[in-house]
Amino acid sequence: MTATTARNRMLGHVITAEQFDRDLLDVLFRRATALDGVRDDRLAHRIMATLFYEPSTRTRLSFESAMLRLGGAVIGTEAARTFSSAIKGETLEDTVRMVSTYADLIVLRHDEAGAAARAASVASVPVVNAGDGPGEHPTQALLDLYTIERELGRVEGVRVAFCGDLRFGRTARSLALLLALYPGVRMTFVAPPVIQVGGDILARLEARGVECRLAEQLTDVLDDVDVVYQTRVQKERFTDPLEYEQARTAIRIDGAIMRQLPATAIVMHPLPRVDEIAPEVDADPRAAYFRQAANGVAIRMALLEMLLA
Amino acid sequence: MTATTARNRMLGHVITAEQFDRDLLDVLFRRATALDGVRDDRLAHRIMATLFYEPSTRTRLSFESAMLRLGGAVIGTEAARTFSSAIKGETLEDTVRMVSTYADLIVLRHDEAGAAARAASVASVPVVNAGDGPGEHPTQALLDLYTIERELGRVEGVRVAFCGDLRFGRTARSLALLLALYPGVRMTFVAPPVIQVGGDILARLEARGVECRLAEQLTDVLDDVDVVYQTRVQKERFTDPLEYEQARTAIRIDGAIMRQLPATAIVMHPLPRVDEIAPEVDADPRAAYFRQAANGVAIRMALLEMLLA
Amino acid sequence: MTATTARNRMLGHVITAEQFDRDLLDVLFRRATALDGVRDDRLAHRIMATLFYEPSTRTRLSFESAMLRLGGAVIGTEAARTFSSAIKGETLEDTVRMVSTYADLIVLRHDEAGAAARAASVASVPVVNAGDGPGEHPTQALLDLYTIERELGRVEGVRVAFCGDLRFGRTARSLALLLALYPGVRMTFVAPPVIQVGGDILARLEARGVECRLAEQLTDVLDDVDVVYQTRVQKERFTDPLEYEQARTAIRIDGAIMRQLPATAIVMHPLPRVDEIAPEVDADPRAAYFRQAANGVAIRMALLEMLLA
């Protein structure tokens, strides 16, 4: 498939990370790099609606910043339940049909898996999934992958250690599936058994030829990684508080970990972090998580341009 | 009165549907049609404030979309009570005087009848009433009337069946009073007695020469209508649940009703709907309610232009 | 120090009123006057984030109006706690680092003293303090001082009576400290003992050569003032309700007070007011409080231009 047809396939909705293939990712990342730092009016007079059924100020501001940098305008709400609360029952579909008449693109955040696909099925404008509950959050996965390419100069063959809540967290899982599109990627999943990555994901990755490894201690795998992708561990997942403390300690990133980490490796985190990365790490040039957040704006600029320009 | 003087009368505030006469409506609808689809900068550097004392995201987004399409900018809040909550007592008048120094126009939503007129009496910029509780919601009535003209090509002589909560709902009442400005309009009010239209409204309509009829079953009147204007029936209005079920069924619009409805008639609804229009109706070209929502943007563009340009 | 170096000192953050000296104030006020009424695009493609940890719609709308008048764009939230609420623990510092990648300037409202300085210490863009709890609210103090200069044509030598809650209210205190930069200013503090100005403030003012006087009745000092700066008295400060009533009456501004006030004096109030200024005063040309609110937009335009242009 050529880049042109890849791009054409794009001009619908952004619902799942898995709708992206290598060609489309290449097009997207080239556009993100080209748009980084751009401030112009290429999307002048276009209106983006942020339709958030639950607050996610972080994601909303990133999308809005992306739209405004391209000269577009924004309407929106973080209390989209008010569309239905007063009457106990307007459907998501009706709300989306109506907002389609107000805006040229809808960024949807919802708490139910599948909500974005439902919205896309009735919208007369493009829908971008900004997280649908336990479902997908494709722009997070895209910005994570883009950060790896940008920081390391390549994705093929990289060695990634995923840490933290790999069973329930959707970010690590989505990124792992995207990485599987690139040959030679090796993955290590570092977590205590209770939150270790599911067998279904491992099976899918191995079916795609990815070399996978499991570990419980971050220190056991540090010598052999290009990326540490840290995520938050929720205390509620554990029945035994002592077990939680051990798990937390086993994967916590601090100055000692950084001294062991290769000089060319990076540390990523989807943010927000609590204490799974110590503040002393922030000043290390290998701490890539705030650059990762900034990359989210560039990726969203590229998506908005592809959907609207 | 000429169109010019009509337009000049307009350049104050928009408080009630009844401030509009035929000439002014004609000017407004011509402007709405001319502005439909427009995206330019004719209101560049003008600022609209949406001052909402209760959330009405639907109405707010429609106004904001209208302003942004004309190149204007928006500030606002859906939590305008915060102006007074902390201190138990800033008056609406003080808030409006202050917001008048921030914005070139105020769109006000309030829960008390008469709030818009009070705001207009102290504002140094135009005030647009976006609903003041049980009072008025003039832009809804205007977009409803505009939808009839646009869908049917005329308003004079149309036959309209109003359905649902005609006693407490303000939208049907406001539209009926506006329609009475046009000769030959015939109206049927379809509702069970407990929510049937009030005698005061009927008297005002008949005083203006409108031919009015009452009915309880939508099927009894379908042969003789150009417009079915459906509204929601609230269960709370009924003391007897069985009576509520009967009422709901008597006016519910579904595929069977659509087969009986004349080919040139349309179905309208101010939205949101719950189940008083079945989803199977949506695909029928006579289902005009989402086009009606879209017309709200055009009508508000026309009003903003008349007030600010 | 020349105006140029003063202005250069400015190009950091706006954290406290006390970072402003006479030269910088002169530059700022000249810019505010020059920008009053301006609507252009000098801040086109620049993005301001309003990061509010507590609602302050008044302050937020004033900043947003200022930014939009200069052609800039705005992203923001009045529910900034959502950055941390879901996870019990993202620090203000992390949020600010992240928002620094979305916006070119952050306007921060927080409920803890010192929050603005903490934000500035990690932000990669300018931070403007829009109130940090019991701490500072420098743009309010600046617009108050600017209002005096603009209304009276001078600040040197003016006689100001501060009324109301002078012990706990931060606005009077901040303005008094700024006024102390101007020679010949005389201040009278009018309040019952329980909310009278603190000895520490008096000591600082007298150390700068300000002539200070205390009073309990506004009528005792009216003959000898150019400015009455009224503030709200909170009932909660008093243990005895009768004492509260006496205090309130002693400093309430009504028609009788205005008849005693010199013809060239003005009445100011940071707003919102409850009943400490009677509505009958509003029509008096010496009632400057709504002009004061309008000046807030001009002052904030000047600050935004100095920080971003």
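A, B and C are the chain letters, set down in written order, and residue numbers restart from 1 in every chain.
In the analysis below, contacts are C-beta pairs under 8 Å (C-beta built on N, C-alpha and C of every residue); 3 or more make two chains touch, one makes a residue touch a chain.
Everything numeric here is computed off the predicted structure, so don't read it as measured data.
For the touching copies chain A and chain C, the fraction of interface residue numbers used by both falls below half; the interface is of the different-residue type. The rotation that brings the Cα trace of chain A onto that of chain B spans 120°, given to the nearest 5. If you average the Cα atoms of chain A and of chain C, the two centres end up 41 Å apart.
Residues of chain A in contact with at least two other chains: none. Residues of chain B touching chain A in their complex: 39-40, 55-58, 60-62, 64-65, 68-69, 71, 74, 78, 232, 271-275, 290, 293-294, 297. Contact residues of chain B toward chain C in the complex are 45-47, 49, 73, 75-77, 79-80, 82-84, 87-90, 94-95, 97-99, 101-103.
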